[in-house]
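Same chain, two partners: chain A is paired with chain B first, then with chain C.
Let's look at the complex of A and B:
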């Protein structure tokens, strides 16, 4: 009783001071440095590096000497395929949020029960997520292949001439997005299921006894109670979509005619492969800024609501 | 006790030669199993003759190799010897100092055997950075059976007009005239390059490189784009060619589904390897056509397009690495690959024993060439070459005007001039 009272009486400044006492200082010094060092060496330093490339005209060989100011940024913005890449990335975000997440939610609501048959289906849906991106891309390249793939086989069976989806400017993005949804909706489904399972069954039981309809339970009890899971999964979707790279490379390699580039495959194709690392650095800085802005806005808007 | 001492002595004896061994890391991009087997046999033979050298073979797939090389060469994991197409990439590497100049080390007799043309392809500012091993040429492979089926006379393809007429005949007969792997882009750039070789010729190409007469926006380059579009308008390529990699297209031709494939001489082996039955088109059904001549073109009819490929030495490469390559690029070793039909060795006399009629024909045409143009995407370096590849794939897909295409190449070229 006394301990509860005393801890409740702790004021904010006193709580802050407590971190500084000897007891917590030791674990702090012991556990923070490894993570901090890894973070600095593997994340912060390369980031600073990439940012410094972006102000030089540099092939990647030898020292950087040719300072060009913001010319690389100018080149990126006026590049004839940059607009396509940005549009495609935004399209992927839209599809992730509007198709993938609702689908994941719908499936998770259906599969929340703990039964072995449900478990089997859940595992099946989760399997694509465990597959390496390159492997998934190659598998789907074969599915889509216009000569030997499943799509033309199905087309032949129903007597419809199917397009070569990955060689067609119109179909290539829908084809890639189908793979994205297939690959990642299982991951978001798992996040939602974890959230749904943490809802106390009494709450739902009580609502049911009060005659609340199924849909209303979902709308007014389940969704609000897993708000935190939704916030996290939306965040993963957006950042994941912005960084999409390794599915696109084996599927279309950004083609046909550079129509299916995402921002990162654009960076790779026109920066790294062309030995224009300054150009690539400029793209990556822009992408980084976009990610930071989204993160900050998102935190302001949604994570704060979670705390409430 | 005695036994133990003996065992100890033996193990010391076993360790010592190993410790004194010099390891040479050798990075290649050969993927045809039979060719790799030949390379491994050569390594085993060399190691047996030189017990103090250990050759460590490393493989990277073609596209991955190009993408990783820049980083790799500046890291601790850099190979001592690595594959190279020469050209603008070599110029960049030499300028950056990641290569070892070996002019003081290379045996003059070796350099002589490899020929001045080959050696100059691996020389920058008087420094020799590598040794040439193979020459290659891009030719128009054709399937005789399909020509017969469509009733097309191969001789009628000597001129551009005759060539376009033949394409139409194939289309009418329901046969895919041409295979191309436009997803990888460089196979499409052979079409643009061959047209430029015919229309511009060596002098105009060299002038364009220097930015004279409007550079790559000059008339012959626009004309090359126009003629490429003329071809593309007939929809001569296999369905879905924009999604097809080089391997896909090579297999498509090897399976006998397309009448022609504009590709390097290496496709002779690759076409078989990529085909469904691994046998490809039988030799008696396979032929080589000269690229159609174009009336009014400034190029010499004997001009060829291809490569002089070889091996470069990283700045940390040992003398042993250079010695190994002198042996490996020699006529003795090269002829094994030549005879097996994997590539045409450049060393003097190495190609003499070649029995493969296609390779013999190609070797002759390179020898007789007024200008052996190096693959433009390599010759012009990654920045300009990449754009050449881009516009070629877009022209093949009829998605760009000839003027725009020429402008884009000129823009990229002006950027690095």
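Let's look at the complex of A and C:
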């Protein structure tokens, strides 16, 4: 009986798709709900909640009754430090794309081979990525420390009085961005190496035998062939920059004078710590919309090319 | 095969030019110096940090380290982090592999829609939703409890884990599942006895990713926990740093004690992390 039924299902997959196999009902009821419930209750519903309490003046206790329309959004947009936070986040994106990814690409081109020495270097470069942001932040807080850190020592050696970089409105963002490059370029390097290793060696070999120069191979063969990896790493850079939080807290905590806030530290400082949930909800919604818009545009523009 | 590639290698120009080696060396120094000064700094006196930043410490006095081990809550915070990370890994591997299995192998109405629905989660990193998540956990009575962090982390890891499992399950030979079904083997048994044992590499990858994510996470525990004894190690180290201000040797010793296990774990597990990244790219 069952053999006939399943062989029929095999021979006519199209028809079978329309029916729900009765035997699959129990496993479905067992397999899907745990994930679905967790996902809906802790991921989807909170985001809908955020959207709803962004329209109220609410401190988190009691019913939401004080409907204020778009006032919270207005407050966020006109907040003294929101502009700084957005600008800093954009700055981080720019540095990621213009400094970090080229560095990762440059390094990965040299580290494709599967050799022992290359493996050691690769592991070393990937190490900061695995480190907790908090630990990385504190290590660099020490490096930058104006009294005991590495920066003033280097300053002594070359005879220059170094500023307290993390206490300086001008230097604080470059300092944070240097740590970002230190922490994350290894991740992008790994993505690129994975892409480069998947290029069939015959392709490179053929080009080389035809006398194509090394950097022409990189430009005209390697880079186009790892387009997919580049697209993915750019995407991670942008989304990661918008989410930046853990690294900034130990380094500068948004200071000095709130000059190094990112969108999420801004949300934490002015929405969560002060329990201004309507205000925080508005920030969350805007950040979420930014992520969705970027993802959708990005998928339309770039991910489709990856399929070709 | 091996012979020809050796032949080719001999004829080939050197793969890494001198200039590339130079940049590699600079980048390596850039990576190493902060680690090196941190680990040695724990042995130095505060004055020594400035006068002798790169040299070996004058004495290998472990007082900072023993002081931290015996007098602070370091081990309790490490234990809390370990418990949370392990629970997160077990739960997320189980829950996401079950869902991915159903989505990959069982035909049912709406499975495509459901997959897209879960993939929405890729757009919701926890920090975006941290504020409403806090309210939700509070309403569920899970504030200041490890369980609250665990289930929130599992929920936010689902999208990524399901995607990884789903693509791996799709690549498993379909004949295996068909053959098992013809032998009247139910989906539950197929999942447990066929699919999971074949999926150890991807289980390791998902597990390691979620472990590292949980071990390193800061924002979620920061918002959920408020009793010292429940703190995870990132909260513990921030508290310690707050207490000792700029007594850097102590802070560096504390840092060293927390990053050494992380580096050890990384060296053991990097195979899975990298094979997750590279394997996915090569096969996909």
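What to note about this one:
As a working rule, the second predicted complex is superposed on the first by the 269 of 308 C-alpha atoms of A that agree within 3 Å, B and C clash if a C-alpha of one lies under 4 Å from a C-alpha of the other, contacts with A are read in each partner's own complex, and residues count from 1 in each chain.
One rule holds for everything that comes next: a contact is a pair of C-beta atoms (placed from the backbone, for glycine too) under 8 Å apart; a residue touches a chain by one contact, two chains touch by 3 or more.
The structure displayed is predicted, hence computed values, not measured ones.
Within the superposed three-chain model, A:147 lies in touch with chain B and with chain C [touch as defined at top]. Set side by side, chain B and chain C differ in how many residues of chain A they touch, and the one touching more is C. Using the contact criterion defined above for the overlaid structures, shared-chain residue A:198 touches chain C, although it does not reach chain B. In the superposition on chain A, A:167 makes contact with chain B only, while chain C stays out of contact range. After overlaying the two complexes on the shared chain, residue contacts for A:252 are found with chain B alone; chain C is out of touch. Shared-chain residue A:272: touches chain B and chain C both. Touch criterion not met for A:116: it reaches neither chain B nor chain C. Of the two partner chains placed by the overlay, neither chain B nor chain C lies in contact with A:215. Note: residues 60, 145, 147, 268, 272 of chain A belong to the chain B contact set and to the chain C contact set alike, using the contact criterion stated above. Interface residues of chain A facing chain C in the complex, by the touch rule stated above, are 2-3, 6-7, 10, 16-17, 20-21, 23-24, 26-28, 30-32, 34-36, 38-39, 41-47, 49-50, 53, 60, 103, 106-107, 109-113, 121, 123-128, 130-135, 138-140, 142-143, 145, 147-150, 152-153, 182, 190-191, 193-195, 197-198, 201, 205, 208, 214, 228-229, 239, 243, 245-246, 249-250, 264, 267-268, 271-272, 277, 280-281, 283-284, 287-288, 291-292, 295. Looking at the complex, you find that chain B touches chain A at residues 66-67, 70-71, 73-74, 89, 92-93, 95-98, 182-184, 239-244, 252, 381-383, 386, 390, 393-394, 397, 399. Residues 5, 8, 12-13, 15-17, 20-21, 23-24, 27-28, 30-35, 37-38, 41, 46, 49-50, 53, 94-96, 98-99, 101-102, 106-109, 114, 117-118, 120-125, 127-136, 138, 151-152, 154-156, 158-159, 162, 178, 181-182, 184, 186-188, 191, 212, 215-219, 223, 234, 237-238, 241, 246, 248, 251-252, 255, 258-259, 262-263, 266-267, 270, 273-274, 277-278, 280-282 of chain C are the ones that touch chain A when the two sit in their complex. Across the complex, chain A meets chain B through its residues 59-62, 144-147, 164-168, 172, 252-253, 255-258, 268, 270, 272-276.
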